[in-house]
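Chain lettering (A, B, C, D, E and F) follows the sequence in which the chains are written, and residue indices restart at 1 in each chain.
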């Protein structure tokens, strides 16, 4: 592994990041062609948070949070810490002290493919975290990793400066260069969904609204009056 | 697989379903001889919901929610959608649009051996879901499954029209033909538990209330004053 | 297995237990040299509880809660039930009736390497539980286990009378003979953290506060201005 | 649970069972429309066995193998023991003594959604087992289950007398009434595959042999000369 | 954690260890009252090995094999290395070089609650390993652990000098002070099983050999002629 | 997702690939700084195979193997198929017919983050596969994916044309541009290990050979004569 810390990364414009935040994970994931989603084991420590920001990436060893300290110096307001691990691990690599430091620097939240601790304090502080586990297990500061190199975090390839969006549905990454177009597509998608929601509320069926009856018939779906007809 | 949709199924009477709902999962599961429970990985997306209803069953492919649209047309008020998968999968096959449509048709909730998304919206809408996972992962509409055939969902065999009961403890299925007797047994059981609760509150021990001292002695339990006697 | 129930165990003084409770799991775990933590799959059934107490241990068979009844008679106010299993299991071995009995005897909570049920009732009663699973699956009373023998529960070795501390971060065990010194170290640690928190809040970096810059350089960390320098 | 043992079950004819055995799991699963497969965590204890036989079903409690003894009396030569559990469990419920008894009665093998032990002996004896786990963990004989009732084993619904086929690819169940037609379809499928295999060996592409080029184009697949064109 | 290496431990006599090795894991586990078994995820890297020896214990950090080097100096011929981890981990902490060193010192094998690598070489060398995983993931030598302190390895409490027995069924630990009596009980058990095996081979049923018919009837087992009687 | 198939990719020279194959996964992984390893759940279907080749990458949907057919046309002799999934899945997406086609085109093996079937046939054919699961579960051909785009497979980022090396220890990826230097470093490492092996065989300790005694002392390791000194 290259044990480096890259000091400067390019970030997407704030307006694009704000636009992505306003749409949420499910819509953004759809808007960019169903890509970029982190594995569903990444869960928020409390319900209701929705953030987007620029990824400051960390590649760390199991049970060693040294590089998170290195990364914090390189964060700017609006960033999100993204911690990837060299091997599956649930240790509590981040707690209330690191969160205090992160908030002082304007960091919006943490996405970590490992554990987090002091979750009651983090909840009280309003510092959102998406993690693989909650664990009080302490960590050492003994082995170098990297900061701001491309990482695979919870199954997703994330490049420093990519836009991270996270809410109760999970975490999604948008390539920095796609942020503008994805924000636009997400907005369009949401408007379109608004219309559909209205029709469905009135009782219209998806079968009709999406014109599925023909394709279902063509695919061979058989409607039977009852299970008696099945045996026949 | 038979790619069919059965239009008409038999349902248990509303009064029986209401009686089962009022007892909850743990009591109903006990009342029918400790059977019918779905695996404990099936968890509610929010706490506090308790529902019962008639199962409209769906057998779907991983990442493909086409058959849920087919099923919604066949639902009646009071039904519960039960989605089984042909292989383990966590994709978010159900979100706020499908929930809007389901609520418009009087569906009481969803039990899905896969993922669900838009969980904040679903919580705000008060549409309860028990699922294997929460995931924003979108789905396709490409391959037929079945509606209203018997399925295995999270380890339980469920026949269309069976009664589903779900709460914070999980999900349980009651065979339609057993609904009446199970409701009665559950009521009896709950009354019996009420009496026991009162005695235990006053400090009576389960050892005495259940007359366990004799059976424990017969089974060979030895009481020792302290761990020193263990070594002796 | 020795099928015994040890009636008398030694407990740590109440003041030490109270001191440990006031520090919480993460601090106590650090204070005793990062040992004693139970596996992170042990999760509370509701958020916000923090307890400490003396362990009354139970070794039980999957799906058999007989020994919990035996243990309750041997509990004193301030105790915590600790249930270990002879094999991995998620059955709901504890519910509202047992909780009623436990509360009547002054038991502070339950730590169980299996399942628990009636979680809505337990939450309403304010009886905290840390468990591997939530499951309505009922249990039998057929096979003897042991009460108050040393057990391995969720990966931690627990001796009867050890101090258990549990909160939103998980569960930790402190050897009875270490309770005094661990409580003191935890208090010292928390005071020390308070100071650090203040400095971090003002924007000081962990890199500086912990004097990490030298060790990082010695370990070989390279700072690069941008990823372009990486390729060079 | 109904604690019963059904003495007589209907079985498929030997010729049908032999025909199914000769085709193997993957072909049979396809031949019956991709249904009936047990979850892939069911693995053989040694490679190379392929068997088919009539299911004698057992529903047992975790860590309790009492009902296997009951079932053995009801087995006939050519049967396969199918053990389902009331909750997930890996205990070693079956070992060399039970295998000796089973072989003496002509039982062809064991499918168990739990653990097995004495695997070296079972391998030497040539008694094939498909299980969830290998574990030396001993079991009790304390709680009744059922023999020859319908069960859900490793995610599949199995009725006594159904045909079980198992090999290195896993385990599949064929409904007794479908055995004849499935055997025929499997034979046809295998013949068809033989022809295909010859064409593929000569270098013909599946794209051509299955006429996929048109459908792929219609579905929107774009061929690009190089990844440079992707950026364009 | 106490970062110590204990140089001298007490071991069981060679004859007792040899006696335990000759019985194997399943018999020894039964002989000592169904205790001492490690979790079934501990699997051998190749089939057919059966060893017993004195435990030299190691407590190590995820991804750090420093303490294994420390332990090797303290091993004597006939010992078995037992590696416990402070958190779940699958890194390949042991490979062919360490195995070469271990064999040079007469170590009989390795039991590791983490990963192992170079498994083809280890197999060729005939150095048996029971592990949680196979992984080529390399490790660092940065953080101290302990050697020859009591550990919890794969769910079992192991004290240095305890007897470890391992074969195709898994791994079991026998307390050093129990080695003599367990060896004797295991021998008796095996003799008893030999007799039973002969009777079962001749077709006698376990139901009769173990006199189960009465207890089954007393417990309430109902025999029915066919499933028709079930409905009745 | 971009539903494209890239026809031409750049590959590393055959000599570099052969050099990498000759070193094996553990050595290559170390030689490139402990990076590139796929998760350890990727296991070979049979022991003893060791291959290296150029990655032809596939991004597929759960249960849909359509894109494997597309990829085969784009393979050249010496390639290795690498199948990544859009969501966790164990379906048997590859069997003996696809293997026949792959071998006819000179493909050296398959790395698939899903299931494989016909494993007995594949073993007989000598077509090596590293997979997440073995499953007879059949697949559809309904939804487009991509061929020869960068993918995340079992936690590793793989670009088309990267060098894949796989053996009994697992699977590792080497960036195409690093192949030359990694091959050289791996050769040097292996030579170095050969020398070490000789010294260790003669009984020299790693403690001495690696000069660890000083660093261990500096880190604070305490040697004690016996556990009695621990209490002191």
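In the analysis below, a contact is a pair of C-beta atoms (placed from the backbone, for glycine too) under 8 Å apart; a residue touches a chain by one contact, two chains touch by 3 or more.
All of these numbers come straight from a predicted model, not from anything done at the bench.
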Revision key, fill the gap. Shared touching partners of chain A and chain E are C, F
Exercise for review: Mind checking chain A against chain B and telling me if their interface is mostly the same residue numbers on each side, over half, or mostly different?
Suggested key: different
Point to revise | Rotation, 0 to 180 degrees and nearest 5, that superposes chain A on copy chain D via CA atoms | key: 180
Check your understanding: If you match contact pairs by residue number, which of A-B, A-C or A-E shares over half of them with B-F?
Key -> A-E
Exercise for review: Could you grab the centroid distance between chain D and chain F? Build each centroid from C-alpha atoms only and quote it in angstrom.
Suggested key: 30
Review point. Of all the residues in chain F, which ones touch at least 2 other chains?
Key: 2, 34, 86, 88, 90, 135, 137, 143
Exercise for review: Let me know each pair of chains that touch one another.
Suggested key: A-B, A-C, A-E, A-F, B-C, B-D, B-F, C-D, C-E, D-E, D-F, E-F
Check your understanding: Taking the complex as given, what residues does chain B use to touch chain D?
Key -> 1-2, 33-35, 39, 86, 88, 150, 152, 155-157
Practice item. Enumerate the contact residues on chain F facing chain E in the complex. Key: 25-26, 29-30, 34, 37, 40, 43, 47-48, 50, 167-170, 172, 193, 196-197, 200-203, 205-207, 210, 212, 215-216, 219-227, 229-230
Review point. What residues on chain D touch chain C, complex-wise?
Key: 61-63, 86-91, 135, 137, 140, 142-143
Study note, to complete from the structure: In the complex, the residues of chain B that touch chain A are 2-9, 66, 69-70, 72-73, 90, 92, 95-98, 100-101, 104-105, 115, 117-120, 123, 133-138, 141, 143-144, 148-149, 160
